[in-house]
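Next come two complexes, and both contain subunit A; in the first it sits with subunit B, in the second with subunit C.
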Partner chain A sequence: MRKYWEMMKSQIKLDTAYTAWYWAGSASVIFRMLIIYAFWHAVFENRTTVGDMSLQAMITYTMLATLLNNYMSGVGSQLANQVRDGSVAIELMRPYNLLDKLVALDLGSKISGTIRETLPMLLIAYLFLGVSAPASWEAVPMFLLSALLGILIGTQLDLIIGIMAFWLDYVWGLRVLGGAITLFFTGALVPITLFPEWLRVLSGFMPFQSMVFVPVSIYTGQLSGLVALQALGVQLAWLVGIIVVMRTVWSFAIRKVTIFGG
Partner chain B sequence: MIEVKNLSKHYRLTEKSPGLSGAFKSLFAPKRVTKKAVDDIGFQIESGEMVGYIGANGAGKSTTIKMLCGILTPTTGEILVDGIVPYKERNRNAKNIGAVFGQRSQLFWDIAVRESYDLLKHIYDIPEDEYRKTLQMFTEVLELEPLLGTPVRQLSLGQKMRCELAAAFLHNPGIVYLDEPTIGLDVAVKSRIRQFIKEMNRMRGTTVILTTHDMQDIEEICSRIIIIDAGKVLYDGSLQSIKDRYGDKRVIHFELELEEEFQLPPDLAGKAEWTPGETGTVSVAFSNHVITAADVISEMLRKYRIRDLTISDSKIETIVQDIYCRGI
Partner chain C sequence: MRRYARLYWQYFKTRIKVMMEYRIDFLIGVASVFFTQGTSILFIAIVFQHIDTIHGWTFQQMLFIYAIAMLGRSLEHTFFDNLWTLGWQYIRPGNFDRVLIRPVNPLFQVVAERVQQDGIGSFIIGLIVLFTSAPSLGLEWGAAEILMLIVMVISSGAIYMAVNLFFATLSFWMVDSLPVMYAVQQTSDFARYPMNIFGKGIRFVLTFIIPYGFTAFYPAAWFLEDSGYRHTAVWTPVVAFLSVAIAYLFWKRGLRSFTGTGS
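== the complex of A and B ==
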């Protein structure tokens, strides 16, 4: 365990090495938040509700969803690159589990991302963009737990796409497709409650809404009490299921490793 | 320490026909070919040996090393490294080996070298006092002191390679694989690296498997060499015996003014062989036991006008070159 902890710390150190990169990332998130803010203000110009959500509920939802969606990509691309250029070979010579290492690195960068990006943004969102406070006090711990589960699900899905590089060599196309699908079905773009009935049912059978929609809805109070607990259970089940799938795929991938270069 | 029996590794490659149409064709009906990267090889390496594993580019060296490391699963055959089957127990094997790949960095690119070493300490569970002692010694021998605080990406190639080498030996592994550790380095750094490797072997009895294209590395470090070509072992034995066996072979390269096609002077027939080089040049190979260099030259002078000549002596370099080109 100790070594993975140290890896996570090293990733945080590494993140502090690139300050320009960090500011560029923050700027793009602020920009996105402003666009969404303007967009929903325009939509609500001549009406007071969309679906059954007021402007303030919508702004709160979309801002949090945008911030949370930021966490959904991760080390999958790092793994895919390592597979493609063959440097995964060196990783496999080390006495650790590469997947665990990648998850540790991912957590590291997400922790530093939270401190440097999400928290300041959240402050801006509260002060200037009219984001409301959590629906209730008990929603806070539930939201945090749910967000953590959602982020972990996102990380694992990202890793699965990365592992696909063992078969496909180049997974850029798959990533773009995956990105588009998740952006939509996670509810990061619009709340799933606004989807037409059949699409809502469909996304109920997919893990994506556990990533963004569930935690944010717990925050806004759309999911509360027993329903919220149930949603947490579903998240946990998805997480466990996806981890099992990923480890299985991984063990196949490892057996298939063929690294060229002499 | 290392036992390899009937080891083979075959790759399945997709062969692409040339051009755009070929690219599309292979998209729908890929043509598969099997490449035998390693083809039924076997050898045994004892603890503390320093073995040069050499062969031309693409001979199968790196593939063998990767199988020994447990990164690649062999198609057929057996490997046993210190009692462990590497591809089955990759993690256990990994604790006992170190490696340097000259073409790839294994230090962490963006953080200071010292931080990389600290991380390795945790990864390999090196006890703190042992770690500090080892690092201090490496710092002295390899002169790492000014480099420790620098991120790897800012190091020169020679500095980087010294750091890589220290990383490979840091956890005191029983076996170290060095895959072209001196590639692209200047003479001074090369010599320091060779000294370090020999020192490690002497002090800790580390088994070293070295692949390189620099025969000076081999001559200074290894007592035994294994030559492979096209996936097969061509030679396995001591450096001295290959010198004894082939060391009497000499080659003289002639630059001639030819008016007609070259023919070996009649007195040399049966005593020497010749191969054509670039236009107007001819290489004559012979054995010291059969005929002297002076005789070869005088026979050639009698028949041809010689513009220039060079004599290759029997360094391991030329021996190996000869084996690559003509076989054993």
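== the complex of A and C ==
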């Protein structure tokens, strides 16, 4: 456990060293928040609710969803690169579990991202963009737990895409494709409650809404009490299920390494 | 000029051969861009299920703005994608020195060395969206309108390209300006919405500083009778020309101060 802890810390240090990407990332989040702000204000111009959500609720939802959606990509590309240039063979010989290492690096990145990006952005959103406080006191711990589960699901899905590099050359395209689909079905663009019936039913069968929609809805109070607890249970089930799938795919992928002789 | 055309054709043929070699990658790439653009359409469609207009703009008008943006972007994406790699594939590993010793315009070489097939995805969806939205704009589609549409789309693509070229050029001083390019490109999303929903500051920047406004909303406004922006829309080709000229001059300036990384 200790070695993974150290890896996580090294990733945090690494992230703080690359300031150009930090500023670029922060700038693009601010741009997106400005667009969201102007767009929804224009939508609510002549009305007080859209699909029973007020402007305030919509702004709170979409801003938080945008921030949370930033966590949905991760170390998958690093894995894909290692597969591509062959260094994965050496990685596999080293005295750690490569997947655990990647998850540790991923968490390190996300912890530094939370402190350096998300928290300042959240502050800006509270002060200038009219994001409201959590619905209730008990929503806070539930939101944090739910967000954590969602982020962990995101990490696993990202790793699955990364593992695809064992079979496909062009993982970049697959990542863009995955990004587009998750951006929509996680509810990061519009709350899933606004989806047409059939699409809402469809997303109920997919893990994506556990990644953004569930945590943010707990925050805004759209999901509360028993329903919220139930949603947390579903998230946990998805997380376990996806970990199992990921590890299975991984065991198939590893066999391929030995086939072409490392 | 003829020599360059012939050279480009040679480059193009090799790229097509590579493309044919990796067919699954081709499909994934095209699908990825198609769905990325598609989700933004789905987003607008869902919002319009609950409302009729946004600040006076109808669903069809919004789609039309998107269509121009997608078509313009697809030109840039397909033919000028290599500008993104100037820093990390040319300057940092020392490959740019190889480009410089050849007796062909360095910018031409960088651009021609890659045709990004993924752009086709946004071209296809752009056309679909265009054909679904254009008939309901209440406009007579004659030869003049179609010609204007082509001019506008090419101008839009040229502006996307010029902005990228300008910020890619910074790589000559900072080795890799990819983060800057990325951040700047994010602002192009603003232009996909009617400009009058934004505040004065944003409008000013997108009209006069980084002219992304002319990649989607302004050119689209030319076809929207009551948009009130037709007089601005006419400037689109001029803005495109100026952007390309400024970006190219800046590139020349960067080229002169390029010293290599020593790797």
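As a convention for this text, the second predicted complex is superposed on the first by the 257 of 262 C-alpha atoms of A that agree within 3 Å, B and C clash if a C-alpha of one lies under 4 Å from a C-alpha of the other, contacts with A are read in each partner's own complex, and residues count from 1 in each chain.
Going forward, a contact is a pair of C-beta atoms (placed from the backbone, for glycine too) under 8 Å apart; a residue touches a chain by one contact, two chains touch by 3 or more.
All values derive from a computational prediction rather than experimental measurement.
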- prompt: Which partner, once the models are overlaid, touches more of subunit A's residues, subunit C or subunit B?
  reply: C
Query: What is the contact status of A:Arg200 with respect to subunit B (first) and subunit C (second): first, second, both, or neither?
result: neither
Message: Is A:Gly173 touching anything from subunit B or subunit C once the two structures are fitted on A? First, second, both or neither.
response: second
Message: Tell me the contact category for A:Leu189 with respect to subunit B and subunit C: first, second, both or neither.
response: second
Message: On the A-aligned overlay, A:Arg94 touches which partner chain: subunit B = first, subunit C = second, or both, or neither?
response: first
Query: Should A:Arg247 be classified as contacting the first partner (subunit B), the second (subunit C), both, or neither?
result: neither
Message: With both complexes overlaid on chain A, does A:Arg47 touch subunit B (first), subunit C (second), both or neither?
response: second
Message: Contact-wise, after the overlay, does A:Arg2 reach subunit B, subunit C, both or neither (first, second, both, neither)?
response: first
- line: Overlap of the subunit B and subunit C interfaces on subunit A comprises residues none
Query: subunit B touches which residues of subunit A in the complex?
result: 2-3, 6-7, 10, 13-14, 17-18, 86-87, 89-90, 92-97, 255, 257-262
- prompt: Once bound in the complex, which stretches of subunit B touch subunit A?
  reply: 11, 57-58, 61-63, 66, 69-73, 90-92, 94-95, 97, 99, 101, 103-104, 106, 108, 110-111, 115, 118-119, 122-125, 151
Query: Quick one: in the complex, what on subunit C touches subunit A?
result: 22, 24-25, 28-29, 31-33, 35-36, 38-39, 42-43, 46-47, 49-51, 54-55, 118, 179-180, 182-183, 186-187, 189-190, 193-194, 197-199, 202
Field: Touching residues (chain side subunit A, partner subunit C) in the complex
entry: 20-21, 23-25, 27-28, 31-32, 34-35, 38-39, 41-43, 45, 47, 50-51, 168-170, 173-177, 179-181, 183-184, 189-190, 194-196
